[in-house]
Amino acid sequence: MTKLRLSATELVAAHVFDGATVAVGGFGLSGNPTDLIHALRDSGAKDLTIVSNNMGVDGKGLGLLIENKQVTKVVSSYVGENKLFAEEFLSGALEVEFAPQGTLAERMRAGGAGIAGFFTKTGVGTPVAEGKQMQVFDGEEFVLERGIVADLSLVKAHRGDAEGNLVYRHTARNFNPLVATCGRVTIAEVEVYEGETYIDPDIVVTPGIFVQHVVLATPRVKDIEQRTVRPRPEGKA
Amino acid sequence: MAWTREDMATLAGRDLQDGQYVNLGIGIPTLVANHLPEGVRVTLQSENGLLGIGPFPFEGEEDADLINAGKQTVTAQPGSSFFDSATSFAMIRGGHVQTAILGALQVSGHGDLANWQIPGKLVKGMGGAMDLVAGTPHVIVLTEHVSKDGTPKIVTHCDLPLTGQRCVDKIITDLAVFDVTEDGLVLRAHCADTNIDDLRAVTGAPFAVDLDPEFVGP
Amino acid sequence: MAWTREDMATLAGRDLQDGQYVNLGIGIPTLVANHLPEGVRVTLQSENGLLGIGPFPFEGEEDADLINAGKQTVTAQPGSSFFDSATSFAMIRGGHVQTAILGALQVSGHGDLANWQIPGKLVKGMGGAMDLVAGTPHVIVLTEHVSKDGTPKIVTHCDLPLTGQRCVDKIITDLAVFDVTEDGLVLRAHCADTNIDDLRAVTGAPFAVDLDPEFVGP
Amino acid sequence: MTKLRLSATELVAAHVFDGATVAVGGFGLSGNPTDLIHALRDSGAKDLTIVSNNMGVDGKGLGLLIENKQVTKVVSSYVGENKLFAEEFLSGALEVEFAPQGTLAERMRAGGAGIAGFFTKTGVGTPVAEGKQMQVFDGEEFVLERGIVADLSLVKAHRGDAEGNLVYRHTARNFNPLVATCGRVTIAEVEVYEGETYIDPDIVVTPGIFVQHVVLATPRVKDIEQRTVRPRPEGKA
């Protein structure tokens, strides 16, 4: 038995529906489940709520779903890299719920962990706390934030095995392990499929219990948003 | 002459202690990494999931899977670690990252900070700034003393939407250094070619004066 | 003859589906692992931090760092994973572990469960039982129908301190199988040498009868 | 610079104080920071509150602190393996706060993560929820549980490096990574010290930011509470 599936397109189409809440991993364009985002676009599902730290850039990442007018609402911490998004937002076609980055990560973790809500100091006294329940603990004020459960979670990992165990590479990990936990159905796109040569159980980051399906990513050159380098020291190749 | 961005970074660097964990915001704060006092080594945290940010990679060695919170390609120091965003903000929210250095649009005399929403412009989002100022024990703001049109950035009451309430501990501008105390601002130092009267004219909040006798310019 | 412990484990095993994640409590529930229907493979979760419990180790291969929630030395299956206790209970509390099978001191007709405190005895603690019954979508209780002194373990109202409220979905005893519904207990099967009247006499809660015509004894 | 310290005894004595709350890793006797527990006993610190899933057995693990009458209160999920503990508990010399195992783990994580409290279904309708704040979310009742911050955290890890990064071995991980996060001061006892041959950053479980000090464990045969084995199949050595 393996959780590997052959077609990302068929898989996403089978699990998404109009009005669904979809959580998507990634920070900027790093650690994005690109094939699964393409499959989500190809599904044509409408009125989606997307929960993701960022919303891609024009023509890339989750920006594709904006172009395709599939999104009604986004829950994000930063959406500044996407011009079309800005237009849709300003025109009122798109609802945005801003969540501080750490609050967003914790809300996904909470949703996946059966935690209905948690009290954080983040956002107290700011627009983020407006209309939310406040409570004082040990003399400090906290705001209640709710867990998020998604109908479908799309995850990018570096390696995955037949049981759905996942490991990530460098900062491409970011939101992915949290997105993996909060989906009613979670699909992971992996660069390397280990099959029954399982990942060492001591280094598994996302245990397979959180992952229902695995697809192998199409090989591609990964996008870099800000290519910053330094000159090589003299005499080095 | 006012202090340069490098001067401001040098002054902020003096606030850091050897062995500390520090988060540097985008812009002038980033420069602090290159202006640490002799013998002070800090570990830089990047809220997207890296402890131990190294310098930019050599050309050709960029890795799309290794970026900082500004989405720039970076490297990782020996002894670094990668982790997910919830763990990253557990570090931040839990007070394990000891100092955060950020920019400001406005900062009040009681340490309220506004740095995520510009009036009349599109709201892009707060990213990790609200978590950083709420969770980090020591928050330093590095900012020009006045905005481009000459308006004071240090104010009695921020009229821009807040990033955090009473969260700033120290303000370093191109003209002066203030501590933020329970009773408001205390001027601790200023650059050579200004004086207290001039500072009052460009500072939108009242401040007490208790110049640090041991202050050495950058 | 009443069903044996192995029979009870066999009946519980039929409730599991291929590919499920399951947590087995100490005692009779542990036996379920060895009584799964043909073609059904489940992954066993151990709340101390192991997904994919394997059999006991061969003598001499015990590892103090590899135990189950009963503190017994075990092995790990191929494809297993280790994780911390918060992640383990994220799986449990978040409903990712699909079925939990536990013992009972008392279980009510509405699915309240008491299994952590014995009257007059020292309170040892609930361990992970409260989390398991609160978080797991499908909870099966495996228990003798009556306690050693003949008192019904299935009751209208538990007088022992609860482990969880309205959390049990199915009760399998040495005499009978009950579904727990919104309206109370429904008898689905019983062993060959008892009958409904006899069952009423040893069951402390009322039950409806809707025998499963497809039931096959263990 | 390294976080390695030579004397566990001196280190613990320097950081513990009468009345301190001390969080300790381990599940049963597995993954216990044995040297650090010995050092805590040797410190003689009194009126301690111990936060740990279990309290050891007679003469082993945290049982040593009970024998030495250093403990006033324990926060645990299961304390059934320790006879002396039972006597002290029944005599009223020892206060016990029972916390469900998952709630205890989450409370430590919350304390370390700046979360004042969280809402869980665990314990609702049971003695655990008595006197606690309740709240209904989406039609279900939840109980508010508080984060735990310890004055001192004692952790057992398999490997540690100069930066305090830690990895664990098999189920000896258990509560240790959570204990590591919730201490104002955290000391890790490691079986292997990697020094500046750092742990691969992609597999670090506890990043060094959570660990102030590292000590090298005294080599010892680890305790097993329930030695369960199966017969070797015929013909195998």
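Each chain carries a letter (A, B, C and D) given by its place in the written order, and its residues are counted from 1.
Convention: a contact is a pair of C-beta atoms (placed from the backbone, for glycine too) under 8 Å apart; a residue touches a chain by one contact, two chains touch by 3 or more.
Values in this document were obtained by computation on a predicted structure and should not be read as measured data.
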item: Contacts common to chain A and chain B (chain labels); value: D
item: Centroid comparison with chain C (C-alpha atoms), farthest chain; value: B
item: Higher-contact pair (C-beta pairs counted), C-D versus A-C; value: C-D
item: Chain centre separation (chain A, chain D; CA means) in Å; value: 32
item: Whole-Å gap between the CA centroids of chain C and chain D; value: 28
item: Chain A and chain C, separation of their C-alpha mean positions in angstrom; value: 36
item: Between chain C and chain B, distance of the C-alpha-averaged centres to the nearest whole Å; value: 55
item: Residues of chain D touching at least two other chains; value: 106, 109, 113-115, 120-121, 168-170, 201-202
item: Shared-contact residues (touching 2 or more other chains) in chain C; value: 76, 82-83, 86, 89, 92-93, 134-135
item: Topology of the chain contact graph, where touching chains are joined (line, ring, star, complete, other); value: other
item: Touching pairs among all chains present in the structure; value: A-B, A-C, A-D, B-D, C-D
item: Footprint of chain A on chain D - complex, ascending; value: 106, 110, 113-121, 135, 137-138, 140, 142, 146, 167-170, 201-203
item: Complex interface listing, chain A residues touching chain C; value: 1, 109, 111-115, 161-163, 165, 181, 196, 198-199, 201-202, 204, 207-210
item: Chain A to chain B touching residues, read off their complex; value: 27-31, 53, 76-80, 86, 89-90, 96, 98, 100-106, 108-109, 120-128, 158, 168-178, 205, 222-232, 236
item: Residues of chain B defined as touching chain D within the complex; value: 18-19, 21, 41, 43, 45, 51-52, 76, 78-83, 86-87, 89-97, 134-135
item: Contacting residues of chain C [partner chain D, same complex]; value: 46-50, 55-68, 70-74, 76, 82-86, 88-89, 92-93, 112, 122-131, 134-135, 161-166
